[in-house]
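Worksheet: one structure, shown below.
The letters A, B, C and D name the chains in turn, as written, and every chain counts its residues from 1.
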Amino acid sequence: MADTAAKSLGRVLARQGILIAFVIFMLGFALWNPRFIAVDNVFGVVRSSAILGIMALGVTFVVIGGNLDLSVGSMLSFSAIVVLDLHENPAFGPALAIPAMFAMTLCLGAINGYLIGYLRLNSLIVTLGMLSAIHGLTLTYSGGQNMDIANQGATWFGVFGRGSALGIPIPVLLFAGLAALLGILLARTPFGRKVYAVGGNGTAATFSGIPRARVVFLTYLISAFCVATAGLIQASRTMGAQNTVGQGMELEVLAAVILGGASLLGGSGTVFKTVIGVLILGFIQNGLLLAGLQFYVQFVVTWIIIILAVWLDIATKRGKLWSPIA
Amino acid sequence: AQSVTIGITQNNVGVDSYQTTYEQAFIAAAEQNPDVEVVVLDAGGDVARQIAQIQDLVQQQVDAMIIWPTNGQAVIPAVRQAHQAGIPVIVTNSNIAEEGFDFVRSFSGPDNVTQGARAAEIMCDRFKAQGIEDEARVVQITGQPGYTTAIERASGFEERLPEVCPNVTLVESQPGNWNREEAQRVMEAFLVKYDDIDGVYSGDDNMGVGALNAALAAGRAADITFVGATNFAVGYDAMERGEYWGSIYQSPVDDAEAALQTALDVLAGEDVPFLNYFDTPKITQENMTEFDRPVF
Amino acid sequence: MTDQKPALRLEGIVKTFPGVRALDGVSFSVMPGEVHALMGENGAGKSTLMKVLGGIYQPDEGRIFIAERETVMRGPLEAKARGVMFIHQELSLAEELSVAENIYLGELPRKSFGRVDWATLYARTDAILQKLKVGFNARTRVGELSIANQQMVEIARALTVDAKAVIFDEPTASLTDAEKVVLFDVIADLKAHGVGIIYISHRMEEIFRITDRISVLRDGQYRGTLETAATNEEEITRMMIGRDLDLGRNVAPTKPGPVALRVEGLSCGRLFNDVTFELREGEVLGFYGLVGAGRTEIAETLFGLRTPSAGRIFLKGEEVTLSSPIEAIARGISLVPESRKEQGLVLGMNCKDNITLPQVDDMTAGPFVSDGAEISIYDQYRDRLSIKSPSWRTQVGNLSGGNQQKIVIGKWLSMRPEVLIVDEPTRGIDVGSKSEIHNLLRDLAAQGFAVIVISSEMPEVLHVSDRILAMYQGRIMREFTAAEVTEDSLIQAISGLTGDAA
Amino acid sequence: MNNPTLKNLARNGAIWGFIALQLVFFELAGRYWSLSDSAFMDLDSMLLLLKQSAPIGIIAIGMTVVMINGNIDLSVGAIYALAGIVMLDSLGWPFMAAMGDAAIPLAWLFALLTGCLLGLINGLIVWKTGVDAFIVTLGAMLGYRGLVFVYNGEQPTYNLNWAMVDIAEADILGLQVPALVLLGVALIVWLVMTRTVHGRNAYAIGDNREAAVNAGIRVGPHITINFVLIGFLAALSAVVFYSGSGSVNPNDGMLFELWAITAVVLGGTKLAGGKGSIIGTLGGVIAIQLLRRGLNHIGADSETVNLVIGTILIAVLFLDRQLNRKGAEELRL
């Protein structure tokens, strides 16, 4: 009896390997520097992870649906620049700038979704192309200039990035809220089930009467929506943006999603695990910074952690540490 | 005069407003002069692409070439090729390494080492005014690792600070990659880590404002002296609000016009000084009214 | 024969996978010049045993002897070097490479600097292909071949080395009769040269036609060996599934109701042409033909997966256009597809989620999926189809083939379709499960479903159908009723030999 | 019968058709819009183009092999930078400095060994742990880049050796050394992929890994060798480039992986593996370089360049898909 209980505990632990790694990691850093788990710092990390995290939520849908989205970084730059520009435009102002920016970003997501979902083009290449094209679009839009809010005192726009409610920073609330919402969408609704089915076996999904193209299309819209939200926070937090704010984030986002245990082949992963993946990356960055290590040590550590985490994950699944490839 | 063609290969247009404004100013200045045609290229921050562009310009046999190096050393052999092809080369904004000086007619741009030094002086003067010059603790947020401008500004600052304020400690440096968001994140960590920060030096105002934002959010901005470089409009505005202390005034328009003029002077056979710095004065809350708000 | 040394002998082989003891102390041997059948239910461990023999898996315990010399085979290449050739159950080919490269995969003849010796390669390959009397040559790209011809390429591998033993794991699953004859000739030839042959198949008529002895596995355990000549289907079946099987002939014909589906002059490019038929409620309509006759394509067209180039479809008298499975499903059509792994199942999802996939939109309480509703559907079809699965949580990929197939069938039955199309419903399925599925199809018709059964196995079509349509090269050659059909006339019809079809 | 052959030709020739189209377009457009009056298509500028294609081109050839294998390598940019650093830094080691110019080949060797070693690490991880190559090399992209910085902080690594520069700038029949290396590598790898057992096995593994395992091909070592190969080629690319430039910035080579992959895909290699050609990749590399150059030639600004390159990438993919369609009879999935 005790034996089976221990076994099933073991199985649960094995499945939550990433969570355990996270806890151990936090404990280690906390022992090293108690400031690490000070409430301020934890909030600080979660807040600064919020942008990456919200993007990762959207990309989780895309990846579970069996595709990639490398365009989120340039899309973030785009949405931040656009919302700031419209904010400064007297015809818009903050109240109109935000919905207009969301609409424009969703259009970009729709292009991704159309090309990949309906035309069935390869997602890696399409989103790579979009990465470049959206960057060009952003530069054209901004004329290469930074966008800044001139009169920061006179706008309520800062609330998304700087405000807080009940003592919790708004970006953290948005991250948590979106994570909960999207988590439920993915885990509990028919749409979520369809995303798993399409990513797990697109052909079988089609044979089961699931509108594969539409599902893929929607995952890209969700991704774009998340990017727009992240862009809003980004713009609001810094009250200004460069054309390159999001550059390189696509791979960080992907790393977080993978670290959370989503398979690049599609069909597996959860929102909760992605959140853990995001937090691990955020706390590594913060912990190493607090430890006074150079930023590049963080690169090396991230490398090792990603590979170990994914390795352990698949090793528990196949029941063997070493791969059976001859 | 006979019409001349001048080629320029820039570092990375669009990465920030400075470089974009530079490009616009350069093209505008060239259009003013009916005898000048320009070929404007952008290396996108990639050395390999810049070297290719230099080679292309050599092949097109432009009359003179202006280079904004992505890497002050790697372009030297390509510059030599231009030199050997008889094309005068002018380096702009950030200089190439000394080995290349033989192949270059002139450098036109700001003196980044001096800028770093001046920033140290601004900071020190402020501490003295506050009477904390013997205990102040400073953190530094540097530009993109590996870029000449970032390196020179940091070294200028780090060398000059102990000379003027020997008892001020520079506790830590981290790069902010010319990126406001990253600078903000770095500053947040600094604020958690150090209870006592009296000054922040940032490699440019863009990052400086990121650091300021972090301090404002933590409610500690009033205790900190923020000094930056390359006064951006955001920095200027923050100074006006009294949140940001000082910076170095550097105009991309001056930068671009100086480069073009230097090239024209060289082509006209004039005697041009090798180091052709344009002035980049200190700007602080105290003297800011003497300067126009930057356009970028 | 008994005084000879066995070509191959296995002793006490044990192999476990996480949670499964796939082989539990299996011992068995094959004599030179013997065709030895290996039989057992789906998941009994046949393929696993053969993979151990072929060096693909390492046994946890047990010993392997080749010509009575103990051998350890660390990899497939080593097995090949010791004279054990393995023809796999699943097609195992690289489509972009040529036939020759595929046949000699892993041991391309070399010249200096690791260069491929093309001349030798093509010469050897052509020699083998000649023996197999196939219509393609060594340089053909494998991707261009039909499934049956690809299977022949797989079989050609058996002839590349001087084998002591050759393993055929369900080689006939997608062969036409003509190719089967060639295969059996090849086997006879190998046998004459003293090669020991292990032959795995679920098809009794083949077993009785070519094998000398039969060994049976059940739940990973060795159950014994029978002389083919001295046994019968019942005995083998009893050994395999541990009980008697009721293999009764077609249940009494049901009373057909009104026309559920009518197809008029349906064509789709070169795939099929001018197909016209009627399907009534309470009727099972069989489609019989050779592989490539176009039956699957008709089913796919009726399911909205292909655009017909001509023709009309009527459901309950109303003309419909079906441009996607969504529409087909909405109109009460269900398709149990040909390939359960590719088309039928999301292997990484659990049993319950797979079964309810087409109707997940209806499985809701408020906006959320209701586990309760789903589990009750799962439970219902688990009982009805006697699906053997530890729980609804089990990933479908971990079930045995037969149970996977039942999940697919359950998935479409739970849609309560008006027209149910099943394509090769029992491919690779053991006798026990097969008869369960046949009974089920008959039951469905009795309940008033209209059922189309597509199959390449004659006994199956004969067993379940009320009427049979014989297809040849995309055309319906002839229609038979259950009463009039004979094996001979059916074979003639699907071979295009019917003088009286027109 | 005629139709498929024609399509096949169109498919394999697509990239070259695209190149021809670009040449004509830029030549004509250049006449009317360009400020420079130099021709776009003359021999010298084409030779230069080949030289300029070398850094990405050499890497893309390695990437083709890895992608035919069904893998991918995202760490090539970092390997490139690290190999460059080792090469330049080693020239300054006391015993090397003492050797004078004789140290140059040794420095090259060190760089190439570095590339092989880093490739080997990737390969062994992929082989032994079974983690997907995309993830392994995504991690390595970060990790190796970290090592680049560890080596010399944020400073560029610098060693301008004029003898080395002269070798890099030497030319034979107008072809400069980088171009020769690119062509040589392309030729050798092409021969390997089409003529040797290793090459044919590479296709088999990418096409159907399980079949390859079952046929007794030692897939793990094979994959590892190809990772070593791409590591070697990334380092070779660094040797060629940094010999002629003498300074490595720690950010160098970023995004190289994406450009290399782009070139490979443009050249017709399937992302899923099993299909692809070295010649096609060479075409892809040239097409991209030509596009950049052409856009500069007609005076397009940097925003347009980004926009156009992105759009063209998607357009080529779309075209390729149209050409590969099976027609109306296809199953709608």
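To be clear about the criterion, a contact is a pair of C-beta atoms (placed from the backbone, for glycine too) under 8 Å apart; a residue touches a chain by one contact, two chains touch by 3 or more.
Quantities reported herein were computed from a predicted structural model and do not represent experimental measurements.
Give the fewest steps needed to get from chain B to chain C, where each step moves from one chain to a chain it touches.
Graph distance in the chain contact network comes out at 2.
Among the chains, which is located farthest from chain A on the basis of C-alpha centroids?
Of all chains, C has its centre farthest from that of chain A.
A-B versus A-D: which has more C-beta pairs touching?
Of the two interfaces, A-D and A-B, more C-beta pairs touch across A-D.
Could you work out how far the Cα centre of chain A sits from that of chain D, in whole Å?
30
For chain B versus chain D, what separation do you get between their C-alpha means, in angstrom?
34
Any idea how many Å lie between the Cα centroids of chain A and chain C?
From the centre of chain A to the centre of chain C is 43 Å.
Among the residues of chain D, pick out those that touch two or more other chains and give their numbers.
149, 153, 213, 217-218, 302-303, 305, 333, in rising order.
Among the residues of chain A, which ones contact at least 2 other chains?
Residues 139, 144, 203, 206, 295, 318, 326 of chain A touch two or more partner chains.
Enumerate the residues of chain B that touch no fewer than two other chains.
Residues 13-14, 175 of chain B touch two or more partner chains.
So, with touch as defined above, which chain pairs make the list?
Result of the pairwise touch check is A-B, A-C, A-D, B-D, C-D.
Which of the residues in chain B end up touching chain A in this complex?
13-17, 19-21, 23-24, 172, 174-175, 178-181, 184-186, 188-189, 192-193, 206, 209-210, 213, 216-217, 232-234, 237, 241, 296
What residues of chain B sit close enough to touch chain D in their complex?
Residues in contact with chain D: 5, 13-14, 37-42, 44-49, 51-53, 55-56, 59-61, 70-78, 80-81, 97, 99, 142, 144-147, 150-151, 175.
Show which residues of chain A lie in contact with chain B when the two form their complex.
Its residues touching chain B are 35, 38, 40-41, 44, 48, 51, 139, 143-146, 148, 150, 152-153, 162, 234, 237-245, 285-286, 289-290, 292, 295.
Could you list, by residue number, the parts of chain C that touch chain D in their complex?
Going by the criterion above, the answer is residues 54-56, 75-80, 86, 88, 90, 92-97, 101-102, 105-108, 110, 113-116, 268-271, 300, 304-307, 309, 324.
Quick one: which bits of chain A touch chain D in the complex? Just the residue numbers, please.
Going through chain A, the ones touching chain D are 115, 119-122, 124-126, 128-137, 139-140, 144, 202-203, 206, 212, 248, 251, 254-255, 258, 264-265, 294-300, 302-304, 306-307, 310-311, 314-315, 318, 322-326.
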